[in-house]
Amino acid sequence: MPAVTLDHITKTYDKGKVQAVTDLSFSVEKGELFGLIGPDGAGKSTVFRILTTLLLADKGSATVAGLDVQKDFRKIRGCVGYMPGKFSLYQDLTVEENLRFFAALFGTTLEKNYALISDIYEQIKPFSNRRAGKLSGGMKQKLALCCALVHKPEVLFLDEPTTGVDAVSRKEFWDMLKRLKEEGITILVSTPYMDEADRCERIALIQEGRILSIDTPANIVKAYPEKLYAVKADSIHKLLLDIRLYPDALSCYSFGEYLHVSFRGQDKGPDLQQYLEQKGHGNVVIKETHATIEDSFIRSMGSAKNLPS
Amino acid sequence: MQQFLVFVRKEFHHVFRDKRTLLILFGLPVMQILLFGFALTTEIRNARILIVDDARDIASQQITQQVAASTYFSLEKNALTHDDLYKAFREGKIKCALIFPPHFNDDLLHFNKAQVQIIADASDPNTAKTLTNYLSAIIGDYQKRLNSTAVLPYRIEPELRMLYNPELNGSLNFIPGVIALVLMIVCTTLTSVSIVREKEMGTMEILLVSPFKPIYVILSKAVPYLALSLLNFILILLLSVYLLGVPIRGNIFLLFGESTLFIISCLSFGLLISGLTNSQQTAMLVSMMGMMLPTILFTGFLFPLENMPVPLQVISNIIPAKWYYIIVKAVMLKGMGFATIWKETLVLIGMTLFLLTISLKRFKIRLA
Amino acid sequence: MSEKAIVCKDLTKQFGDFIAVNKISFEVNTGEIYGFLGANGAGKTTAMRMLCGLSYPTSGEATVAGFNVSRQQESIKKNIGYMSQKFSLYENLTIKENIEFYGGIYGLTDRQLKDKQEELIGKLGLEKEVKKLVGELPLGWKQKLAFSVAILHQPKIVFLDEPTGGVDPVTRRQFWDLIYEASAKGITIFVTTHYMDEAEYCGRLSIMVDGRIDALDTPANLKKQFSAATMDEVFYALARGAKRSAD
């Protein structure tokens, strides 16, 4: 029995004018760390709100912990943990007051499940008498996670928990999630950051309300159809323009230091090198590279729209 | 200069695209002119007057006719006993009374002077003053007519009696109205803003996704505001009694009971308003501004309801504050008991239950 | 006329006891794409405000486009463009009205406006959306539009405050295409971002930690300096020691 299932879920806003999610189907196994990866407006929050029974889908059905989101919403509300996008805690209550409140909300106490949150809570314990509004972004995030966990939920929904938080806290947060997974809690996380995708067991790439692909991160990048090359030269911008003019280039886009390029048909590496040197580029470097989640995402988007080529 | 014009143009765009601004821009002035120009007047018309005619002679009848003919007054059926008279005052059925002693005309003919008694309900001292002035004027006119053909001057001496408020203390009329207004605005605003704040901060989402039933969320917000509002009420009472000399003539527990009922109706109003918006600012505006004007106008403490055109009087019936105002006046100033105000109490109970039911039903247990 | 787009020397901003920006010094060359990085709370926004002429420095000196940030703030504002993630355009005005507004503010004539408008709309492919309110456009298009409007009056420098937050990977790159184009036309780009791969697109960059600039160089040199394979690692190495974080 999967922990979460979605079956052809469609949701529109504004009397059908805005298509939030269209025909979404996937499932999450118990104890899995599942990532919903996509930019703003992709529909991640909508999916979470439907699963936490805060919104009713227009079409389709969904279950959480084996319960139907429409009929059994009260039961679901009692057994899930939810952290919505905006660090929704009570700013004028202290850390400890917030935690005790959320424990009481779920009919339990802070002490009962302390073992579950102790790792995380120890980090903010020195501030337990500080008002939540005066915490830094990273600490608020840890507190919100504790509040969502304090009643030992079966499924944990974290909607963009790392957005707006500094890089160090982000890394720490994912370390905490990994440890939580070992407790057997099913965790669904949404994030716009492609690099965080690798830290999930399975991910779904979502864009404009549709799923582009679902699989383990490893499988998704393995499934990248073409061979990918990393190309570098002295003048990146000129390089970009010139490669786009190269007739056999299928796709070419910036990727940090390098450009990621794929070709139509056979390996055109050496040919490209010549072409570029003829155009006057210095220090041309062309090497094979592995695709990343971001590459896969871009490619999937391109299948629907024109690639920047 | 050109930059300035560019800015101005942008502001015009904003104004015309925002329906709410347009409403305030055009709707509000029109409504205000209509209300303050037509509907609201401090001029008194058709005040209910009771004439107790123990004389039943020509003089009393002529004066009675004058009163009946006047647009200021509307004649109630004649009472038979003085007990009927005071009952009518207590129940608020009449605003003033004119009493002719027996042998009124005979006294005039034989002694050249006679007395009449004018009694007015001074819980609204301004109205009482105006009405007694009107009456005195009518009597004065009659007196003049007599004197125009007389050798010796006739004198009719009106004996004035102001009921419930002999010192004509203006606060008496005002305070119950202020109590109603303050409770209404504070309770409604606090409740609606508090609930909308949860929505705005996003904590409402978390509260909903919990086993905690939504009704308890509402109750948990209502309880402190109920308690605080009662405290507020006590404060206003203390100030009124000790600072302004307003009496509490009736049963204080009854007053508390009715006030609690009224506060609950205001809290339900606040709950209803909170369902309309997701912005604290809007909630506060609607609760304070939106509720303030109708409450001030239709409670009847600034502008007597009897002086308004009938459509407005009908509207006033759906404002809970109006009923509460009648109750508070009756209990505080006239010392009335439950027997007098059971009708108004029933109306208030009905309104409260109605508001509670609707607002609870409309409370969204989902986001959309 | 200074050759440098921005010159900053010991620029400091203090709020009471709290030193938000602590004696930062750097220079930006004309036409450069300069990355101004730092964790939340490091002092980036405060520094940018001073450079845009929106706030007075407590001490230190800086010139932007040759104008002094303490004494010639109005001239600075006339010569720069600004765009941030939080604010770009008026949501309840149409694309056309936004262009007319901002163009008008910066003193473009009607003729110039008309030409620029056509150019902009054509380049972004927004012909069908011209009458739409900006609020109805998807996020990525809004950001690209906002950037184009920010450089409408051809400023010498454009300040971009996390312009690509939350946007999908394809649109992000299209955005940077626009940045490259602007830079090629001679506009200096001063950009802050949280995406470390975008840090690589910059010619040079600086990283702020706790109000100071703790690193300033080309991406390649920084990676060598910190023995890191990516800018992400460089950033992590610096940010880890930070005492201030977020808010």
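The letters A, B and C name the chains in turn, as written, and every chain counts its residues from 1.
The rule we apply is simple: a residue touches a chain if its C-beta (ideal position, glycine included) is under 8 Å from a C-beta of that chain, and two chains touch if they have at least 3 such contacts.
These figures come from a predicted structure and were not determined experimentally.
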Other chains in touch with both chain B and chain C: A
Pair of chains whose C-beta contact count is the highest in the structure: A-C
Distance from the mean Cα position of chain B to that of chain A, given in whole angstrom: 59
Centroid distance [mean C-alpha coordinates] between chain C and chain A, Å: 27
Contacts with two or more other chains, residues of chain B listed in rising order: none
Residues of chain A touching chain B in the complex: 13, 49, 52-56, 74, 77-78, 80, 82, 84-91, 102, 105-107, 147
Chain C-touching residues of chain A, taken from the complex the two chains share: 38-42, 135-138, 163-169, 171, 192, 194-195, 207, 236-237, 240, 253-257, 294, 297-298, 301-302, 305, 308
Chain A-facing residues of chain B, complex: 201-203, 205-212, 366-368
Chain C residues touching chain A - in the complex, by the definition given at the top: 39-41, 138-140, 166-171, 173-174, 176-177, 180, 183-184, 194, 196-197, 199-201, 219-220, 230-232, 235-236, 239-240, 242, 244-247
Of chain B, residues touching chain C in the complex: 2-3, 5-7, 9-10, 13-14, 17-18
